[in-house]
Amino acid sequence: MKKTVPLAIVFVTGVAMIVQFFIPPWPFNVLAETVQSWVRIIAAGAMALGIASLLAVNLNKVYRQREGWPFSIVTVASLIGMALVGFVWGSAETRLIPVDSPAAYTRFIEAKNISVDDAEALDAAIVEEVADIRAEVETRVDVPVTEGALLREIDSRFQRRWGSSPAQLRSAPLVRDFVEAQPQNLDTVDAIPRAILAVRASVYEELFEAGEFEGLTVEEQQALVEGTFQERFLAAWGVSPAEMLGASQREVRSPFFWGYEYLYYPLAATMFSLLAFFVASAAFRAFRARTPEATLLLVAAFFVMLGRVPLGDYIGEWVPNLAGWIMSVPNTAGMRAIMIGIALGAVSYSLRIILGYERPYLAGGGD
Amino acid sequence: MRRLSAAFLAISFLLIPGTAAFSQNGEQAPAEDEAQMDGGISVAVSEQEQDILDDETTGPATADIEILEPIEEEPEPPVRAPPAPTNVDAFDTPNSAGDSVTLTWQPVPDEVDLGVVGYAIMRSKEPDGPFEQVGIATIGASRHRDTDARDIKAGETYYFQVVTLTADEQRAASEIVSAVPEAQWFHSGRWFILILVILISGAILFNINRARRGVDLYIRRIAGLESVEEAIGRSTEMGKPVLYVPGIRDMDDIQTIASMSILSHVARLTAEYDTPILVPNIRAVVMSTAQEVVKAAYLDVGRPDAYNPENIRYLTDDQFGYVAGVDGIMIRDKPAANFFLGAFFAESLILAETGASTGAIQIAGTAMPSQLPFFVAACDYTLIGEELFAASAYLAREPMLLGSLKGQDWGKFVFMIAVLVGAIGATVVTVGGLDPDVWWNIASWFRVE
Amino acid sequence: MQELATQDLVGLWIAAILTLFIFSFLYKDNPLYKFAEHMFVGVSAGYILVRTWFDILMPMLFQRIWIPGVRELTVESLMVFIPAALAIMMLMRLVPSAGWISRWPLAFMMGVTSGLYLVMYLQTNAIEQIRATMVPFAVAENDWLHIATYLFPVLAVVIVLLVVMILIRERIEVLYRKWNIIFPLYLIVAGIVLLYFIAIHRTPEGVALIENQSFNNVILFVGVVSGLVYFFFSKAHTGAFGVTARIGIYFLMMAFGASFGYTIMARISLLIGRSQFLLDEWGGDAIVQTPVWMSILLILGLLAVIVMAAIKTRHDESH
Amino acid sequence: MDIKRNISRYSRLIVAMLVAAAVLGALGAPTLVWICVAVAGVVPVLIPDRRMIFLLIAVFVVLPLLFPMKLETDITPEVQNMYDRIEELESGSVILMSFDFDPATRPELYPATLAFMRHCVRKGHRIVTMALWPLGVSLAEEAVRDVIMDEWNVENPDDPYIYGRDYVHLPYMAGGVVVANQVAASFEQVYPRDLRGTPLRDIPMMRGITNLGNIDFTFGLSSGDPGLREWIMVASDRVGIDVGGAATAVSAPEFYPYLQAGQLVGLMGGLKGASEYEALVGVPDTATAGMDAQSLAHLAIIIFIIVGNVMFFMDRRGKA
């Protein structure tokens, strides 16, 4: 049971994957794809196993207070922290969160003591505030700031001070009217998106009762509902649903992405860049031309390293050419000889696994 | 340990149905909730797409094809309608599962200034039945493969039309062609690779059986193996231990398995010379295997008392932690002979450098191409790629490895001959004046689709 | 310069401090490095766990599997139970008593990859490469004639000199007793001369030898065949066979030299990446936009932590 | 610290290195170059401690970043071919960018990503991004933010790149060649939904793209397996469409045989390849700035090897 079943599995799947390469018709072409997608799910399971054993090892080290146990706490804490943030805030880079633009609007007009619904004064105040933010950022910095970064900074500066972006402030009165016009009271901030969709749902019911949907495919029904909803909304509020939605939502970068950008990435990149120092010290203390082969290796490396940087150009135009030649002829020849060897090795190793001569999957995993 | 992992498993069991339920709401709830669950992104996005969708859907799908036909007969319509694609042909896609038809056509001449945007591929079950768009080919294309496991069944006839699309919504449909897709039971383009797979597998299995039947297969002397004996001899003179690092992969990697058989040879020598052998490990399974191998070697030589399990220890699972540990052993115990045999990654450099700085003789061997340059530059002798496996076959005479190597050698021999014949053929064709297409159709047998 | 939100500002400071913690390993292994390394292990495991969950398990498994009442019973939604079961079997490895069941999914994965790689490696690594090596030895009729007339005199001089050196070796030994200086010097000079004629010298038509397609084709052919000969284990490397193998190892060495150079280039560019981060993003953007007193406070705090770590390491060592 | 002993023992070597530096200086080499020859040639001989070499490498990397030498690069054919191929493709063609790398190799491959994406966006090509590595997805989103949102959409607001019409993000899928294989058959089978959860059928751009056959150019950013080799096996060998890519310097040599066999249209090898493409696109960025530091660091390591070997032979000859 513990040995024969795995042997059978390996044999059957191995032969099936070889045969599907040669026989196109059903079920073989479908077989290849479904089996490969299963492997992806199992690979995910294996990854989960890896993480589970990582957690187990570290928790055990903490439990037994073995030497260096506080560092295991760091590992477990950062693993759980990163995973929690990812599961709660989702793995996509950005998320939309609701913005209470009417409240921001009232705060803004009081601070600038503009009368309600006086659009020109509101616009003038906003333009003036944007201008001095732009001036303030440009003076403090000598490098030309990209327009995109500047626009984002103005939005975030407004967001911090007034609670919504300049564009949202301008359309705030419209949002306020829309909120007041809705039958159900919209006290909570994220009610606006739901209210807009409620309008769409009412259009759907109306068309359904009017019997507009007979003989239409699902796609056509959707298109009809969408079309009438867009017209109705534009007529009623002078803006499309998307703009109204835009006026009441703000895009924010998820903390999961923050963890990736400021924790994971710096740690990973720095760990690998340590190797640059070790290569340098090995270059001085260990790389010796003891044998003709090692000498040839160092000479080839010498030309490739020089040829691949602008310094090589600087020395002579032939240096990059020689580096290019080493890369395209001797390197290709050598790599090709190794690749053919590896290919034959892969064929024989795969063959031995499929026929059960070699059983690496039996190693470990209990008796 | 057991209590912890069991607890963890329980949590993961709760987690799976929990998230399934969590995702279930997403699936089951009407469109609004889904939008909400995804943080409204899909709503904002679909609005944007909605307007794009609107101008897209007014395209061919809903237009009624029959009305267009008469326009072409009129003399010269005010706006010059684009010409339809010519000599359209549809045929069963070769080597397919019977669910695919390939269409070829002559693209419209001077497409760009006619404003041609692409070609729509239309399909239907009846000759004049409603045509449905099944694909778009970009301008300049003259071939399209229409594959659809659901709608296309082998053996039934299907009718096709290729329609020129222009930027200003002009359309011109080609004449109607038909095809009957069938399933081919063997992929005609892959004969050669099948023969090759059979030949090579046959050579390997034949040699494995020969080796199993006790036939003594010749494997050439591996130069690196003398230096092993010499290094251990030097180590004994200086009264220093020998260090053996079996790589950082687990027992499921073939390089680690090969390393074990070389370890048993090295252990046999250290037993004879009565020199301690240190084997630091990164994986628990490799450690237990190494202990068994070394103990068996010491028993063979009749020195069971000299075997010391303490020297074959487990350090840590972490790559850089393991390297720091081995460096510590090199600096503290100052072994005079270091062996790095197995699978290595970026840490090979640090090991070889520290070893070189202690003045030890170093012999390395791995099949990882990216690490071989560092071993060759920093070590006294290096087993390159397959030499690692050849060395373990040479020492252990293990039939499976011996047979495989022999089979692979036969394969290499055949490939060498093929390259020679091919090169000579190519030379004769380019310079010698042999009629080129005689040569190319010979070479075409060896193609792989 | 990027105008930074507070969230990014804090992030940059943390990233810079972690980077310095890891670089501290260059001086000596210390608690700061251990802290950063252990955090790296945890954060990367957490990240990959979330990514796999949302990008694979959710769409592939949970949104396709048959859940009573949610998704109707189709062949496809039922079949998804198989990989789900295999994945859970993989997790059984954690329970020692049921560990053996994990061999089934492992066997399944190894079967699929072995079958896939057996054919694919043969096609991509063997057949395609062999077909690409079937190159003509001569591209144009007079190519080799031209190469011979141009390269032959140089080769002749180098070889004649070599023979003469070996013949009069005893006399040089007696006269100058510096054979092990003169011979290597000769080799270096001969190497430079050959290098000049092969790579630098351009024929009247402005073509260096290494740009001559026939020359390169022959070198490529010889390299691949001799490389294969080196990895041939069924015949001893003696006589002509031995010489070809030696040529083969020289080609392998040039290939290793190339990847050796490239590896060093890769490691250095990683280090440059981190230095640009410390100089531009942290030094340039973050410090400039942090209030001065806070920068000073943070840097002092950092120094204090380093000093404490140094004391702790010396304390550990002295025991 | 027996510096005196080292000075006396290797005096001829030290003098030789200083002379070489002086000669280079006289020949008009950039100041940093001949300083590097002098310092890298002499200091390790006097103080052969590992940490001194670490310090030297740090200095030789940081100095050119602060005081750039501005050496311009030559364009290798493998980068030029890929640039020309993208230039030939008429506007609106579909480019598949597969982000098969992670932060560890970001300094080498991210500049290449930006240079290539700027070129595609300038030519008006449509971009589908996917990833065979888990962390590639975030890098794809970041590249789009830097090139499209912060640069292109701001500079030409009238012709912006819109998600769903001009570019699409596909999520990460484990399985390497398994995924590439399936994408050759059908995108939707592999990716029921895009990164933001919108079903593929609803995205207008993906309507015309059912599988790899409809992709005009596959661009693989590869730092190992799965990576560019998988795309060569599937996209170039099986489906027969153009494949190009950027690879880390360490894995670049392995792809030259494919270039020579015509399976690969072009290749950006490491930071040097990226700086060449930046020169072609005309937007010098981190790659170009990095090349000066790269040059100096390479020079330092070459000198370390030479000096190390000379000392090795001097010691051996002394003893023999």
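A, B, C and D label the chains in the order they appear, each numbered from 1.
The rule is short, and it goes like this: a residue touches a chain if its C-beta (ideal position, glycine included) is under 8 Å from a C-beta of that chain, and two chains touch if they have at least 3 such contacts.
Remember, it's a predicted structure, so these values are computed and weren't measured experimentally.
Q: Among the other chains, which touch chain C and chain D together?
A: Touching chain C and chain D alike, sorted by label: A, B.
Q: For the chain pair with the highest number of C-beta contact pairs, give its two chain identifiers.
A: Summing C-beta contacts for every pairing gives the maximum at A-C.
Q: Measure off the straight-line distance from the CA centroid of chain B to the CA centroid of chain D, and report it in whole Å.
A: 22
Q: Using mean CA coordinates as chain centres, what's the gap between chain B and chain C in Å?
A: 17
Q: Could you list the positions in chain D whose residues touch two or more of the other chains?
A: 54, 57-58, 61, 104-107, 135, 173-174, 178, 185, 196, 237, 249-251, 253-254, 257, 260, 269-270, 272, 294, 297-298, 301
Q: What positions in chain A touch 2 or more of the other chains?
A: In chain A, 18, 21, 29, 36-37, 39-40, 43-44, 47-48, 52-53, 56, 90, 92, 149, 260-261, 264-266, 268-269, 271-272, 275-277, 279, 281, 283, 285-288, 293-294, 297-298, 301-302, 305, 308-309, 327-328, 331-332, 335-336, 338-342, 344, 347, 349, 351, 360-361, 364 touch at least two other chains.
Q: Please set out, as single numbers or ranges, the residues of chain C touching at least two other chains.
A: Residue numbers touching two or more other chains: 26, 37, 41, 47-48, 51-56, 63, 91, 94, 96, 112, 116, 118-119, 122-124, 126, 128-133, 220, 224, 228, 231, 249, 252-253, 255-260, 262-265, 267-268, 270-271, 273-274.
Q: Residues of chain C touching chain B in their complex?
A: Against chain B, chain C makes touches at 29, 37, 41, 53, 58, 62-63, 65, 67, 70-71, 91, 94-96, 118-119, 122-123, 126-128, 130-131, 133-141, 217, 221, 224-225, 228-229, 231-237, 249, 252-253, 256-257, 259-260, 263.
Q: Once bound in the complex, which stretches of chain B touch chain D?
A: 38, 41-42, 45-46, 48-49, 52-53, 56, 118, 135-136, 138-139, 145, 147, 369-370, 448
Q: Hey, which residues of chain A end up touching chain B in the complex?
A: Going through chain A, the ones touching chain B are 18, 21-26, 28-30, 48, 52-53, 55-57, 59-60, 63, 90, 92, 94-97, 193-194, 197, 201, 219, 223, 226-227, 230, 240-242, 245-246, 249, 271-272, 275, 278-279, 281-282, 285-288, 290, 293-294, 297-298, 301, 335, 338, 340-342, 344-345, 347-349, 351-352, 355, 357-358, 360-361, 363-364.
Q: Considering the complex alone, what residue numbers of chain D touch chain B?
A: Residues in contact with chain B: 90, 92-93, 162-165, 185, 196-198, 202-204, 207-208, 210, 213-214, 216, 237, 250-251, 254.
Q: Would you mind writing out the residues of chain B in touch with chain A in their complex?
A: 1, 4-5, 8-9, 12, 31-32, 35-36, 39-41, 43-44, 47-48, 50, 53-54, 57, 95-99, 149, 154, 183-187, 190, 193-194, 197, 200-201, 204-205, 208, 250-254, 257, 285, 317, 320, 346, 349-350, 352-353, 355-357, 367, 369, 373-374, 376-378, 380, 385-386, 389, 400, 404, 407-408, 411-412, 415
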